[in-house]
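One chain, chain A, links the two complexes that follow: it is found with chain B in the first and with chain C in the second.
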Partner chain A sequence: MLMTDDSAPFRDAFDQVLATVAEPAWLTTRRRAEMDRFALLGFPTRRQEAWRFTDLEPLIAAPPLPAPPLPAAGGGDGPAPASLAPWLLPAPTHRLVLVDGRFAPALSAGGALPTGVWLAPVAETLRRRPDMLEGAFGDGEEAFAALNAALFTDGVVLALEPGVVLETPVEIIHHTMSAAHARLHIALGAGAQATVVETAMGTGGGWGNTVGVISLGAGAVLTHLHIQAEDPAACHTAAVRAALADQARYEACALITGGRLSRRDMAVTLAGDGAQFRLHGAYLLDGEQEATLSVRADHLGLGCRTEEVVKGVLAGASHGVFLGTVAVAPGADGTDARQLNRNLLLSPQARVDTKPELEILADDVKCSHGATVGSLDEASLFYLQARGIDPETARRMLVEAFAVDAIDAAGLPDALAALARRHLRRWLDGGAS
Partner chain B sequence: MSKLLEIRGLRARIANGREVLKGIDLDVAAGEVHAIMGPNGAGKSTLSSVLAGKPGYEVTGGTVRYLGQDLLAMPADERAREGVFLAFQYPVEIPGVNNMYFLRAALNAGRRQRGQAELDAQQFLKAVRERLKLLDIGDDLLRRAVNVGFSGGEKKRNEIFQMAMLEPNLAILDETDSGLDIDALRAVSDGVNRLRDPARAIVMITHYQRLLDYIVPDRVHVLADGRIVASGDKTFAAELERTGYAYLGDAA
Partner chain C sequence: MSDSATANRPASNAPSAGLLEGIVQAEGYKYGFITDVETEDAPPGLNEDTVRFISAKKGEPAWLLEWRLKAFRRWQTMAPPDWAKLDIAPIDYQAASYYSAPKAASGPKSLDEVDPELLKTYEKLGIPLGERAALAGVAVDAVFDSVSVATTFKDKLADLGIIFCSFGEAVREHPELVRRYLGSVVPQGDNFFAALNSAVFSDGSFVYVPAGVRCPMELSTYFRINAAKTGQFERTLLVADRGAYVSYLEGCTAPQRDENQLHAAVVELVALEDAEIKYATVQNWYPGDENGKGGIYNFVTKRGACRGARSKISWAQVETGSAITWKYPSCLLEGEGSTGAFYSVAITNNRQQADTGTKMIHIGRDTSSTVISKGISAGRGQNTYRGQVKVLSNADGARNYTQCDSLLIGKRCGAHTVPYIDVRHPGAKVEHEATTSKISEDQMFYCQQRGLTAEDALSLIVNGFCKEVLNELPMEFAVEAQKLLAVSLEGSVG
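Take a look at the complex of A and B:
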């Protein structure tokens, strides 16, 4: 091994984690393995196909390190509760706030849970029910997920017993000021149903590096809205791995507007027959922002469906990347998969790279994919102006119309759709040109 | 009657292209309905585009005064807020923008310009219902996105409905009759007739005489090769029907 490698800046933080957490021996062994793995892999480079379009320089130059834990007494410099208000769901929720990747009870409001529901921070789960997380750490992770597994201290665990329907949404706020390596574990038993809203935000240009592990039993339904609204100077990396059993449905919506550098990798395995994965989303970027949304759907079962519709709005000198792969395994007949990535460039400096791909090894499949890149329609702009609407408002109306479709088509529950629309409007007010 | 619109020696070309308008003179007074007829390529649609401020055209000479102001100096959106309305020959479909949302934004933009209070949702709905009743059209068009999935006739009726809502001083109807069957033509014409007003001027541009059977103009002009070559009162249209444009072109 080389004398120095990409893991060097994280060694102290890693030792600190090992010194402070009290956890089962298997996990410590796991952490060491993951740290070694990251040391071996290093940060991805543009020579790797999946990272060809992503510029990690803003992160690698000076990766933010986890801040020491806030004093247990709750002194600390956490966010004021009022600063979270604009980001909260306008409805009753089970709310868990993570500040720099650690559960912040003073900002959270869990509420009473029905029987058959486990909703708790990862650290608490490791104390009380470590068995729930044994085996929830994958082998052979990618670099960022490996670093997360080595450095995480907390996160959220949501587990539903078979048949349990959790009506009230679970709301997870990631508030990041330094660095956060949070974990999200969701396991729904057969026929269980839950709704999760995950909002990433913060101040001061930190780095949120999240890993989500989702397992849906037969017929389970998870609705998952992700709003990435990080500080404009922040870095955001997230890996989501979902496994779907027979007839399970994963309904995802991702709205990405924040961060200097953002990357969301979703890997969804449709293992059971008749499983369904739907992703609607949008990245809306300005200035020097770059965001990559990378989605891989592996079809293994019979008659599974994937539907991805991702919109991009790129202003300033921003850069959007969509990487979509649908892989149909031999024998996964009856697959129905559609991928569509549509992009709107609002300035000559904005860029987009889009790569929807199919890998089909089965016979009886229906797959389509497409990508478009365009600018605002001049005829529509003139029509609006010919009715007295000023050019700036006309442009805003057309951009909103283009992007809001990502929210409307997701078919979210009303409160979630309202939150997403509110966030879209906030972005439009903030400087879409 | 005061002159609402005064066009003097207007010359215009398609940007970096050929000259289409070669010196138009036209006066339109409040309360009047003018028809501008002529063969394809005469410059009819260019005239309406230049008056509405559509990008892609260059005015190379002449003046247009609207209520005493220099119309050509105003951007398109300001012209609209000042009361100039263009009914499009091909109304644009705008997916994702709701018809009502769009219309309320347009209406309130005009009201702000005139120093009037904006209409709230309830006042706006009331105004919508009145105009729908006036024009005898259903409210199903309003729930959809602007012109999306509308038939040709529905699009043209939507244009006239917008005109009824925005209450312009000057309405330019660009080939509003094109592509309409006889029932749709009658419905659209009835709408326009109900919007005739002593304070409002209407300029309708058409290729076909038949529109003038439904909307009877005060003045009829023939546009040929970028100039108005003949004008007359409403009986002139019937004469044109018999003689055709070719004869007039020769006579001009």
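Take a look at the complex of A and C:
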């Protein structure tokens, strides 16, 4: 099988990374191991159950490679600050912008951090506090995560000491033009609270491949809004792993509208008792876009809760995929898990695949899942038109009502909800047929 | 001869431990006995000569032998499916014998000529034959291992032009029908087990209901697996011509056996314009003992094609037996306005594993389908619902409703739901719902407080849970199925 080694195109980039970064020896060893792992695994194929609906051809045919670092002092080909404006949260925020996976200080905006908060780029963290990330580039990852661990150049680290509440949202912008392998490490101590907004965007047919590692201590609360608004020609792959201790809460919201090919894999382990995971989200696609949202919730502790509500709006010849798994381990009694995936097909060429899966090995559980696929309700359309609203506007209103539900139910702080709604409207203005 | 049956019987008075704990102390398999009949077996092993041997034994025409050989060659290139949530010990396909027929000089002409040992077996199983069949109003084509032994009611059915006979007879008497429809729903290379069946199928049932005829009685076939080390490869083909109606029952029990026996059947249904087929199964093959020793491997391909406009196919199944079940009765909804339905109750107890469900493929306009699945897991059983609803791009107005509920009894069992929904048309409406829960202590307490024993209470609750499916079974089967649910869960409450 060495003849078809998928790692070949990345070997030069890998050597370049090793040559340019100055980092601890353990990390270099780790990178090599991850590169070998990727060589062994190769890109996933549709023969693999988890990937059977995802067409990776656009990516594999010519994977975008990381560009050399921008010249220092923020000049060169970076995005104009004004181009980021529509995507930003109103101040105050702690903003970190990554351009092609590297921290761009000129575009970022800090603000004083309270004590007990570590917020810094990964590269800087590796220089100043390498101990914080030792062991964070873990084993047993999937092919894309392995490639990320081998090639990453930067990312963001957010660590809160126990009991610290960071009121100001942390805003992370991934701006990708070529290829970016960025990392996000979030560790909240017991009782700590933070809000993170992650926006993926860019120009040209780039490839953003991020890995997020989240660890929430007992009673910690993380609110995490993810907006994926990549260029329509871009590829986007992201893996998020979260581990929740007793009573921890992970409130996630994902809004996916960008990219030719996109895939978000979330794996949440509810390890402690009484942990809670909520995911609200929507994928809105048009043209030839394909997006997969894959969510796995592993219930290990007692009395944990999972609630997922994911909406899909598919126009043009787009293809939406929802893969949801709730797995309840033996002894995880008192589990309460709900999964709902609802899809709206707006055109004859659009397609949806949904697979809400349950794996239950404990008996004292309440688990349910539901999935629906349909088109706009003719009666509602008629009702609106009977009141003088033109068909186009009526359709838009119904689609917006369908999708905005996912944002509203997420219970985001106002500024985040407004940002998500603004993004939803932008999509409706741009493309919904 | 039936020593193994008694040897495997566990102590029946196990101490009870808690209300819902200590679950699953199954009584010995009630239908486990072995009939002593001389058989004429094929030598163990599987190669082209085996296929030729079977075909020659059955006096088949050349085209069918070719058809089998094509399937066999295809099978050799295939690998067993590994995607199901099943833990299957490797199967040595060369160790089994692929043909066994009760020894008889020439076929029996009447019941008197039937081997009395066989008749006794049927009696023990309560299969109505002869007079009893007439009283029960059931026409039985009883399949004993591989060769059809006795068929009743043939004349009555023949008057209406209905053909109901063994597969072998159909090949001889109605080759044009067999040739036209065989493999038209489940092609030879459809999957590993279907290919194996296509190569070595022994016998089975054939039904043809002519245009406009409503079959006046429930047709039924009992399958039994008997001779040791003989995999059973049934082939059933059922064709309902334009406007015809037929209801078909299939029930199974098998003698207790320590060695795993492979059963890879293929059932093909074809419904033409305005035709309706109801196919019901009660499957109660030997599930193995409480330690997972023995039991039948039930790897079955069942599929119906709604070829004509407004045709209907409905599958109803009660699956309580077998060590491992791999079975997905499906509907290809080709005709405009055709309807498919799947109603299923699957129980896994002790170490049983079941991966079962359905596929509803919406191809034509205004097609609709309903899926109701009830999975019950007890002991260390693993129960998976795996279903697919696919709406292709021409299926305007397609409609599907799926509901799959799981019930867990005990701490060591598992219930899994794997639905695939693939929609390529905006005019489709697809809904899927699933729930998983356990029998609550409250429900049990309430029933027991009113004087029911724990087992009766469990049986009552489980029957209520399954009601939507049991209602879809023909009356005779519904009664049998309810008893079967209770028997299958015996010992589940202490």
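By our rule, the second predicted complex is superposed on the first by the 429 of 433 C-alpha atoms of A that agree within 3 Å, B and C clash if a C-alpha of one lies under 4 Å from a C-alpha of the other, contacts with A are read in each partner's own complex, and residues count from 1 in each chain.
The rule we apply is simple: contacts are C-beta pairs under 8 Å (C-beta built on N, C-alpha and C of every residue); 3 or more make two chains touch, one makes a residue touch a chain.
The structure displayed is predicted, hence computed values, not measured ones.
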Clash or fit, chain B versus chain C on superposed chain A: fit
Touched partner set for A:A8, first chain B, second chain C, both or neither: neither
First (chain B), second (chain C), both or neither touched by A:L346: second
Touching partner for A:A62 - first (chain B), second (chain C), both, neither: neither
Partner chain in contact with A:A109 - chain B first, chain C second, else both or neither: neither
First, second, both or neither for A:L40, with chain B first and chain C second: neither
Superposition-derived minimum Cα distance between chain C and chain B (Å): 15
Overlapping contact positions on chain A, where the chain C interface meets the chain B interface: none
Chain A partner contacts - residues on chain C that touch it in the complex: 20, 83, 391, 393, 406, 408-438
Contact set on chain A toward chain B in their complex: 377-380, 382-391, 393-394, 397-398, 400-402, 404-405
Residues on chain A engaged by chain C in the complex (per definition of touch): 49, 53, 330-331, 343, 345-375
Contact footprint of chain A on chain B as seen in their complex: 52-55, 75-77, 80-81, 86, 88, 91-92, 94-97, 102-103, 105-106, 109-110, 113, 145-146, 162, 166
